[in-house]
Every structure is written in structure tokens, then in C-alpha cells.
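Two complexes come next, and they have one chain in common, chain A, joined by chain B in the first and chain C in the second.
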Partner chain A sequence: MKFRSVVQSIRAGDVIKGLSLGSGMLLALFAVLGLALLLGENAFEVARIIWLGAWGSSTAMGYSLYYATPLILTGLSVAWAMRVGLFNIGAEGQMTMGGIAMVALGILWKDLHPVLAWPLALLVGAVVGAIWAAVPAWFKVRRGTHEVLVCILMNFVAYGVGGYLILHVLRNPESQNPETLEIGSGFHWPPLSWVGGQSPLNATLLLAIVVIVVFAWLGARTRFGLHQRWVGGASEFAARSGISPQLHQVTAMLISGALAGIAGSSILLGYLHKAREGFAGGAGFIGIAVALLGGLRPWGVLAAAILFGGLQKGAIDLDLDTEKISRDLATVMQAMVVAAVAALPILNEFWSKRLDPSTTWGRRLHRYLDRIRQVGAP
Partner chain B sequence: MNPPIVAFQNVSKRYGNCVSLSQVSATFAPGQLHAILGENGAGKSTLMKVLFGLVRPDEGSISIQGSTRSWRSPADAIAAGLGMVQQHFTLVPSLSVIDNIMLGREGGWRLNRAAAIAELEAKLPDASLRMNWDRRVEELSVGEQQRVEILKLIARDSKIMVLDEPTAVLVPQEIEALFTLLKKLRDQGRSIFVITHKLSEVFRHCDTWTVLRLGQLVQQGEIRDTSLDVVVRAMMGGEPPPPIRLNPPRAEMKLSELLEVRSLTSGKIGRGALLDVSLKVHGGEIVGIAGVDGAGQSLLVDSLLGLHEFHGEILWMQQALRAGRRADWALMSEDRHRQALWIEESVQMNAGLGVEVQFCSFSNSKTRKTSFRTDLLSHFEVLDFERWGQDVARWLKEFDVRFPHLGERVSRLSGGNQQKLIFARELMGRDVRFVVAHQPTRGVDLGAIHQIHQRLVELRDRGVGVLLISSELDELMALSDRIIVLESGKVTAQFDRWSESSRQFDRAQIGRAMIGAT
Partner chain C sequence: MMDWFIAYVESVMRLAAPLMFAAMGGLISERAGLANIALEGKLLVSAFFAAAVAAWTGSAELGLFAGILSGALSGWIFGASTVWLKADHIVMGTAFNLLVVGVIPTLGKAWFGSSGSTPALGSEARIQAGIGFFVAGVFLVFVLSEALRRTRWGLRVHSAGESPDALLVQGVNPRRVRIGAACVAGALAGAGGVVLSLVQGSGYVRDMAGGRGYLALAAIIFGAWKPFPTLIACLIFAAADSAQMLLQGKSIFDVSVPASLIQTLPFLATLAILALRRARVSAPRAINQAL
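After this line comes the complex of A and B, so read on.
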């Protein structure tokens, strides 16, 4: 019943959108394979290695999902803010500070029981991330400073402060590496070896999925979520209906910061059990691409993050298994995907023209959709 | 009879699914003032854009003075002696009048302003058209800017002039001056096309009329042997609605004072600011605010809604108004697309936004209608989209909004249907005691205008207070119990329909107050 009504609600515009996204991804793939060809590699071989590297075994899949986990959270962080009309380019800094806060708690309170340790660590990470995001939010609402500017500055502050905390305050004196002491075992999240084999995949993936479910529900079904998107989509209209855009923007930024704040949990609590300098590794920035590719929707973000995680793992295998390709190809592939997303309006126009009702194919499409609609009509 | 100056033969134009012009054939005699009439979306602007080369027709052809022409771009049309004044002026605000007129045809390396002025002045029908050529365009009033646009066409020796909705932004005196000028240009032998929807001025000034509806030519004729009724019927495709009648207010209504504004001052001194404005709105009356665009109307509304800081007092039922809009107010905003609609969203969404508390699964619609719930929990209640859809569909039906289905994007609706949707949302979703209607009929077709006017009068008769802000004087004079004139942010005059004294409605007096000449 539900499925039928969903199918019936498909409009020509949705088909065009789907075609645009699909053709965009294909173009991105062709561009990457073309690049591999230019480098002198067998393009089919490259595609095979990427695919098997990412999804060929349970360990491979585990790595892909492990790389995807922080991206799910940073992607959602960026997407949520963007739907409210804010560009949170500071997820990287928020993730760094939130992560260090979680680790610091784990170091200072070593013998805490997991029942308390898990939620408390997440709470601390979320709060610190939100505080880091509150600064740009405050400047935006009170002083009118663009949030992008302050977010970027806060990223630099986070690098500096985070580096200091890791190297000087929480440093493990017995280690050669720039890393902190270990957190208490109560803070460890268990590995998900039944999915991920030998990979570092851990239970924080489930956490990320739960967060996606919660925010999908919040955004689509509640008044709060509706108001948040309303402020993003038509702030003047919202203001004239008795809603405070400023309040909603601040709230959205805090939520965004909190999500980025716990994005490091998979690396820190689930795998390393300590913080290393630069552990965020650009996940905050890749989150922007994930958010865009996911169409700013929670489920889309989940899918996009898994795609990006797979690309990352596939590229690492390429590095090992080919002569001329390094793991930087992952970045190139991600860039191609982002370029394809940026080109979506052009593709959309292309397909709209091809499927205009006045053309043969457009007529067929409309007739077909009409027929689907009638089949289920009472 | 002379050969026609302009003739259209079977001109058609489609935009995707939408037919904008269909097989339009029409001829126009030279040396006359032609009115092109029709509702929004009737195709009148498109037809004129085809003539001017801005739009390429899918089929058909145009001929100028008997010879068939086809334009590749407006440049061809301009070279052939055509000129068009767009609804939004194409002037450079920071340049002087003469520089704007010379722009695009400077001729050579050095600007010879003196020669250009001399050349232009020789072409003018009489000396009264001279302006201060060195003033910058941004310092001019809207009426003067329009005159610069027309002077541009004169300088280019345009034999055929097209003006798109030239009177939409003018006050009555300026409209008279514009048509006086156009008649002088006509008497010089030019052919002039005026796109408009204001019939009164057409009947006072134009020579012929042409009505389009739904992309088709309905009827053409001479003004002098036509009655207003015939034209209205042609435009609407049916019987015109009866005129709105306003009953005298009942005595007990006057007692309930709803809104009082005391010496409201807001905004920076200059365009759009408010200076010491006081007014009252009682239950059961329509108070009209007249004034040219930018006389402070927007700030007045924003101040009432708590969106702008102000000095002075705003009282609601004798008590200071807390910041923000009250839930028992209905609001028709001036800029429909940005201030009253979420334009990328669906019809269903737009018809319920702002009053969606009543669609929450646990809410009882009766208790929720009158207040914006602000407690934290109400924000996390689950929306029942099924009920939302059902209720909204009922409202839209009641207000005769035409839409293909609830999921259609609201941007696809016509202006009139959008405005009726806003009306339905604002009135059906709340227990309304006060209405702010800011330009409620701008860009709305005649049928919808009539319905909106009727609703406003119905509300008034039910005891609701209405603040009607409009730049259409006809609308204000038809609907208002009182008219307050704003000019440069100050109240310059007040008129009362029901008073015995000289303060009764008088078009000329109101018009003078609107431009600050008392």
C-alpha cells in the first residue's frame, strides 16, 4: 500500500532528477577511468580493483564502512546546516575538538563503566563540537559576519589548540608517535567483526545509522524539522509567520557542531582508543561533498558516505596493486563526483529537454507514468 | 485607409507545455494609440516581445508597413524603427539623463553631449519635455525615469513605440502627464502600443483596443464605438462580476478599537522611512493606506510584525503589542514569492505552513488555532501529513484555487491562484481578527481580484479590522471606509467615505496628497 502510493507519486521531474544523477556519476566514472588510461593503466583492471578493493570481501567491505562512518556524521552535520541556509565549513575543527574532548574524558576517567562511559563520551563530544560551532553562529546572528569566514578561522584554532593538547597535555610520553595516552576500556566500542572481518569497523557505524534515522524522522515528520527547513528555504516567509530565523539558525549550527563533534568516535573510541594528531584527516571537508551528493537529505548522506568510503578503500588498493596510481586517486575520484554534482543543473536541463512532453520520449514517459498512476487509483 | 503599420500573421509561441500565443493575427493602423489588454498570462507581453524581437515566434510572421520582417534580435527591430520601454527600466542610475540617452549610440571616441542635446531637443514635440539633462537618473522620481526611457526612444527616431505596463508605478497625475506626452508623440505620426490592465485610462486616452485571452486574440475595436462592458467581457471571457458594494458600518462596530499606532518612527531618514505616523483600525472597517511605492508602507508592515525596530507605540486592544506577529492576524505580504510562499515547495506545504500546529497528531484543531504554541514539546510533535492534505484541500476548494494536484510546486500556479492560496491559508487556518493586506491584488487576474475584494469586504462585515495597503487608487476607493495617505513616510491627508464634510473621497485630492502637493 505504502509502496504503491510512493510509486504513484513519482513525477516526470523525479525521473529527470534520477537520470541526471545517474548520468553524472557515470560521467565521473568515465573521467576517472580515462585518467587511469592516460597514466598507462588498463581502465577495466582499474575499475575491477576499485570494486573488489571496496566490496570484494568482508574485510574490504569493513574498511569501506569504517572509512564511511565519520563521513556519515560530518556529511549529516554539513547537510543539516545547509538545509537551514548555513554553510558549516568548520566541521573539521568541530570534529577535532569534540574528538579530543572525548579522548580526554576517557583518559581522565579511566575506570568508568561502559553504561555511563558511552553516553557521557558522546555527550561531551557533542557539547564541545557545538561550542566550537556556537562561535560562528554567534558572530552570524549578532554581528552579521558570514559563517564561512568564522568557521574557517575556527578550523585553524582547532588545529592549533588540538595539536597542543595532543602533543603536550595528553601526550603519551612512552610513544614515538604524536599521540595521547590510551582511554579507559569502558570507553571502547566493540568491533563489528561479523560484518567487517579483520577491518577496524566497529559499533559506531550503528551509532551513525541510528543518528541518520533520528534526523531523517526529525527533519521530515516533526514541526521542528519543518521549521528548520522552512528557515533555510524561505526565511522571510518564516519570519513573517512568527518564526525567528536567527533562533533557528543558531539551533541548526549547534546541531551541526554536535554531529561533527561525535564524528571522530569511530576512529578514536572504536579503533585507536587514543587520539593522534590530525586524526580528522579531512573528514570534515569531505563531509561537504558527501552532503551535496546526498542531496542534503539524511538517507542520501548515508548512501553518499558509503560510496565515498568505498572509493577511499578502492583507491588504497589501487595504490598497492598498480604501478602508476597512488592513493591520491581517491581525492581525484571524490573531486569528480563533486564536479558531477555541481553539473547537475546542466544535466537536469539536458534531460528536461530530451524528455519534454513535446518529444517522442517525453510523451512516452508521461503516458507510462499516467498508466502507473491509474493502476492503483481506487 | 492606410496600410497597417504592424500586422501579425498566425503568430504562435509555446514554452514547453504552455501555450503563450496561439495563431494570433491582428493588424494595427498607423498613427494611433493602441491599447493591448488582457489578464496576466494572456500573452499580451509575449506578443509585444515578438514584435520587438525579444521573443522568436514558433510560427507566423510579422510585417511592418506591409513588408514581412523577421528579427534575429532586438537590434534588428531597433534599426527598423521600433522601441520598447520595459516594465523594469533599463537605465544606469549613476549616469546623467543625457548620458543614459546617448548610451549605446555614442558615435565616436569623444562624447559630444552638447550636440546630442541639441539633436534631441530638435526632435521633441514641444519644449515642455525638456529636462535637466545633467541630473543623475537615481535622483529622479519614477515618473521622470519613465520619461527618460521615452526620450531614449525619441532620440532613436522610433516610429513604433511599445510600453509595457507603463502606469503600474505611477500616481494619477503622473498617468495623465504620461498620456498627454504619448498623445503628442502620436500626433507626430508615431504608432504607440500600451500594454495595460487598467481600463479606465484606456477609455480616457487610447484610440483602439485589442484583447488577448489565454494566448488567443479575442477581439479588436475602436475605443470610441465600444463600451467598457464589452471590453471587460472580452477580457474575462464571461459576464463581468457586479461591482463591490460597501454597506455603511453598523454603529456598534466602531466601539471595538483593535490596532492603534502612536507616532511611529522607523528606519533611516530617506526613502521608505516612517516619520511620526499615527493611525487606528477598528473592528469592522477597512482602512486604506494610499501612497506611491516606497512611501513607507513596507516599514509600517514590518514594524507591526516586529521585524523592524521603531520608536513610538503599537497598541493591540489598548495594550502594548509584544514583538512579533499575532496568530489571529492574517497577512498578505507585498512580495508574494519571497514573503508569503516557499516557492520551491508544494501546494500542500504552502497552504498549511504557519498554521501547521493543527496538523500535529495529538492536537485538537480547535484549541490550537488561535495561538502559536511556543513550548518546546510542541515542536517535536509529529505532523500528520494526511490530515494536512485533507484540510488544505478543503480550504483551497473553498477559495476556488485551481491546481493540478497537491504535490505540484507552488511556483507553477498563476499569480491569482497563488494569492488565493495565501488567502485561504491565512483565513481558514486561524480565527482572524485583523488583516494586513499589502498589495493583495498586484499581478492578479480580474476574476481573482474580484474574489479577493469580496473576501475582504466579507471580513469587514463580520467585524474584522482590515488594513489595506495598495498603490491602486481604484482599489482603495472601492473598498476603504477610510483612506490615509502616506507620502515620504508622513501622513499627509486622511479621508472618510462616510463623513459629511469635505473629507470625503476625492480622486484628485488623494492623488495630490500622494505626491506631497497639497
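After this line comes the complex of A and C, so read on.
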């Protein structure tokens, strides 16, 4: 009877919210397919290639989930900070530094047993990511500098320092490619071939899902999570209740950095077993779109990350299967999704006006919802 | 020693030019209350379109025109969508930058068959300006400083950022002021983009702004949203940037400095400078507020 009670609890406001998000996503999709059409490609064909490329076979699905794994963690990272009122656009840099730290540990301590190696690597990645995020947090609290600016600057510092560590300190001298030495086998996470076929999908997907569960609980069921959300949604109220907004902002930024710090684990510990320059590949930035589309909620982030992982995988096929467009179309799609989410207030306004109880459709909607509620009554 | 110093100063002036144009553009829009994190995207858009038009027509003048026009247009798109959709400026700016990162390679592939860059330009399609753009930029700072204080337009921009309601009382629509400021900002950032692709470079290269839009934003914050201090901040960043370029491949005390570490110099300098100062005190009051 769970389902029925969920259906009964739907309010007109939820319908309006859903319509706003749905119409926003549709507009974003139309804009992207319109761009493809404008460049002389068949829009339906493009949509078909992306869809089949993402979910057409079990290997394709495995790749989509593999691409989704870092997005789950960066998405949650951005979402957690944003719920506390901070825009962590530095997840890319935090992911880069955390990832390099994990690989460095794996190289330095090659023969560590998995029982110790797995948690230790994650701990090191999380701590380094958090340290990288501590800089914008300090600037925010002590200097009042907008965290976005400092995060972006820290990203550029991470590219430089990360490149230096990969190319000079940890570099594999025998390899032609700019990559590090291999990590010890104790640090490897096993592949999930029963889901992903030939793809590099690995057990870190399960790790990401566990993290989602933990943070869903932390955000909704604990005092700490509640206080965090107070600081983001009603900072005056929080301050007057004796909760320090600054302390909570710093904590949120550190948590966010720690989550981004372990986001590289699927690429580094699960698949490559070494680090390459630019391994983060924009996952930190796509995490912003994931967080916004997921409504800043852990389960929403999981769904949005899987959607975007599929989009990323499907778009790669555009490079081969179309003449005029490339995988960059996925970035356009992500941008339009962010824009659509940014435009939610106005879409909400639009639908609220259309579905106001004084209008024909609004009356119908309310009558319909009332009927559902009565049918379910004992 | 003297030669070396003159070469260094000239390089600072060259590198400062795009930063100055972007920062002055950003300053106008931020003073009008429109937080402008999209500067990076505007630099990229105008650099790309300037190079594309210059490659097609072989004319540097048309390239310059196209760069500024595309900058103004993208400024309008960003300003209008942000203001009319009542969106958060930072989120919308992020969307704009992402959009640019996706659209430029897509257009590049459709038009030139290369998703990263435009064809290399011959000398006739480039602008041989030396430090001309730097001089123009300094002149712009003077004009802007006066215009913001003494003209009707400047005062309206100021009010749109400080108290939009005061403008409404006067019968001026603050939304229009903001969108207008966004257009001017886009055009100026567009000039900066032209410097990147037609003066310093010979064509568009993937991600060629390399964070200068964000450095410009940092310069505005350090300059407390005032033209002259912002100019100084731009010069400091450019000094760090050209020091970075000079030091690449050189060795200090027999220790060769890796390029990737040296490249972080302008960003570390920016962080150090920002750490010296409290920022929020002087930000426009109504920045990032929907109208």
C-alpha cells in the first residue's frame, strides 16, 4: 500500500514542480536537437544514435554506468555544498588532487593488503580533496570572497600541480604516454562484468551508491543534516538558533571536497590503475549539472548522474556516426540543462498561473487530486 | 639587463590588454548588478568568431568587427536570459560557459572540419598592433571612470546595481539598464577576445582564454569594483603571467622549473592578492538579485 499512499500524498504544488522541470528539460532537448538540425543533421537520427550508444547493449550500458560513477560523487559533492548555500565549482580540482593522492599512495605502498588499501586510499583521497576545498572555505569565511572565484582559481592551480606530479614526480619512465607508475594490485577494485560486459565498469559504482545512501540518511535523518539545510535555506534562523552558519559552511565545503576527492576512484582504482593527465575529464563541471538536475537531493543526483553518464557515452558515438557533429553536443546538452534549471522559478510561475484553482485546468487538476485522495481512503 | 627589462614590460603590456578589456566589461555589468562569471565564455566566443570571419574573408578589420559584435550579442543573450528568466546569475553564467565550451567545437567541426581550432591565419588577416590595444585599454579605463561618475548612463548603471527600486521611481526600467550593461560588457570582452585570437595568436585554439575571464573577475573584486584599482590588479596579473612565460624552459639556480608548475603562477598571485583584502564590503548591493 506504499504506492497508494505516495500517490495520495501528491499535491498540486508537486504537479507544478514536475511540469516545470519536465518542460524545462524538453526545452533543453529541443534546443540541442535544433542545433543538430541547423548544422544539417537529422535530429531524430542524432537522438537515436545517442540512445542506442548509451543503452543499446550490456557493454554500452556498462560504459554509461562507468561514466556515471564519478558523476554520482561529483554531483553529490556539488549538491551538498549547494544545499548549504555554497557553489562548489572547484570539484574538478578537488577530484584531480584527491585522485593523484590515491594513486601516489598506491605507488608508494605497493604491497598493501586490500583490506587496508581500499579504505586507506579513499581516506587519503577524501582528505586531500577536503584540503583543496578548505582554501575557498577560508576565503569565504575570513575574506568574504565569493567561493566560485576561489574555486576556479584553485582548479587552475590543481591542473598545474597535478600535471607536475603526474609528469615529473610519479611518472612512469618506461611509458610513452604522460602517465604515472602502476598502483599496487591491492588497490585495484574488481570489474563488474556481470552488469557491464566488456566495459570498464567496476565495483566503485557500488561504493558510489553506498555513499548516496549514507548521505541521503545524513541529510534527511540526522540533526547535523538538518542544521546544514537550515544554514543554506534560512541562515538568519539558523544563526538565531545558535547554529554557526560559518562553521557549517566550512564543514559543508570540506565534505564537498572530500566527496569530489574520491570521485576519481572509478577511473583510477577501478580501471586505469594509474593516473593520466586530465583524467578528471570535466566530471567536476558536469557534476554541477547533475546536482541541479537532481534537485540537490542524493537520490535525484543518482538518477541525474546515470542520465548524464548515458548522454556522455551516447555522444561519443556521434564522433563516428555523424559527419558534422561531435561528442561536444553532450556539453551543449548539459549547459542547456543547467540553464533550464536556472530558469525554474519562471517556469514555476508560468505553470502556477496556468494551474491556479481559478482557471479551468487548475480546477480540473484539484478536482482530480481530490478524487484520488478519496478513492484511497478506508 | 635593460633589454631584458624592456622586453618584459612590453610583454606585460601585451598580456594585460585582453585582461583589461574583459575586466572593464565585467566591471560595467557587475556595477549594474549582474554578476558576470560568463566573461570567460564571452572571451572564447569572440575569439572564435573573430578568427572564423578573418579566416573566411582574409580581412582583419572584419574579424575585429565580428569579434566585438559576437561579444555584444553573447552579452545580450546572457543578460537577457538571466534578467528575464529571473535566474541566479552565477548558475546562468556557468550554463553560459558550459554552452560555449560545447558550441564552439561543434561549430568548428561543421565549418572547418576541426573541432578544436580555426585554420591558422596569414599576416594580412591578423592585427599588427603591438601595444596599441594596451594604450586603447588604458584610455578606456579613463573614459569609463568618468562615464560611470558623470554621465546619465553611468549613474543609471550604478543605481541598477545599488538600488534598482530608485530607478523604478524615476521611471527607468532597471532590467533594461542591466541588459544594456550586459551588451556593453560583452562588446568590451569581445575586444579582449579579438586580442587573443587576432593579435596575440593567429587563429582560434581550443580553450585559448585559459582562465583569463576568471582572472578579470578576480581583478574586479580586488579593485573593489572601481576602474583604476581594477586596472592595477590586471597589470599585476599580467606581470605574473609574463613572468610565467619568461621562466618557462629556463632554470633558476641550476634547477629547471617545470612548465606545469610555473603556469600556476598567475593564479597563485591572484589568490595571494585576494587574501590581502576583505571583498564583500564594496560589492554592489543588489548584485545577483532578480528584478
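Here is the rule we go by: the second predicted complex is superposed on the first by the 369 of 378 C-alpha atoms of A that agree within 3 Å, B and C clash if a C-alpha of one lies under 4 Å from a C-alpha of the other, contacts with A are read in each partner's own complex, and residues count from 1 in each chain.
Throughout what follows, a contact is a pair of C-beta atoms (placed from the backbone, for glycine too) under 8 Å apart; a residue touches a chain by one contact, two chains touch by 3 or more.
For clarity, every value in this text was computed on a predicted model and none was experimentally measured.
> Based on the shared chain A superposition, would you classify chain B and chain C as clashing or fitting together?
fit
> Can A:R11 be said to touch chain B (first), chain C (second), both, or neither?
first
> Going by the touch definition up top, name the partner, chain B or chain C, that contacts more of chain A.
The partner with more contacted residues on chain A is C.
> Answer with first, second, both or neither: which of chain B and chain C does A:V338 touch in the superposed model?
After superposition on chain A, A:V338 lies in contact with chain C alone.
> A:I346 contacts which: chain B (first), chain C (second), both, neither?
A:I346 contacts chain C only, not chain B.
> A:L149 in the overlay: touching chain B, chain C, both, or neither? Say first, second, both or neither.
Only chain C is touched by A:L149; chain B is not.
> One more residue to check, A:R223. First (chain B), second (chain C), both or neither?
It touches chain B, and chain C stays clear.
> Should A:E174 be classified as contacting the first partner (chain B), the second (chain C), both, or neither?
Touch status of A:E174: no partner.
> Give one of first, second, both or neither to describe whether A:I325 is in contact with chain B, with chain C, with both, or with none.
A:I325 sits against chain C, while chain B stays out of touch.
> Quick one: is A:G160 in contact with chain B, with chain C, with both, or with neither? Answer first, second, both or neither.
After superposing on A, A:G160 lies in contact with chain C but is clear of chain B.
> How far apart, in Å, are the nearest Cα atoms of chain B and chain C after the overlay?
Checking C-alpha atoms only, chain B sits 6 Å from chain C at its nearest point.
> Both chain B and chain C contact which residues of chain A?
none
> Could you list, by residue number, the parts of chain A that touch chain B in their complex?
9, 11, 218, 221-224, 226-227, 230, 233-234, 236-237, 239-243, 356-358
> In their complex, what parts of chain C are in touch with chain A?
Residues 37, 81, 84-88, 90-92, 94-99, 101-103, 105-107, 109-110, 115, 211, 214, 217-218, 221, 258, 260-264, 267-268, 270-271, 274-275, 277-281, 290 of chain C touch chain A in their complex.
> Quick one: which bits of chain A touch chain C in the complex? Just the residue numbers, please.
Chain A reaches chain C through residues 35, 39-40, 87, 89, 135, 139, 143-146, 148-150, 152-154, 156-157, 159-161, 163-164, 167-168, 285, 288-289, 292, 324-326, 328-336, 338-339, 341-343, 345-346.
> Going by the contact rule at the top, pick out the chain B residues touching chain A in the complex.
Residues 14, 16-17, 305, 307, 324-325, 327, 331, 333, 335, 338-345, 353-354, 356-357, 360, 372, 378-383, 407.
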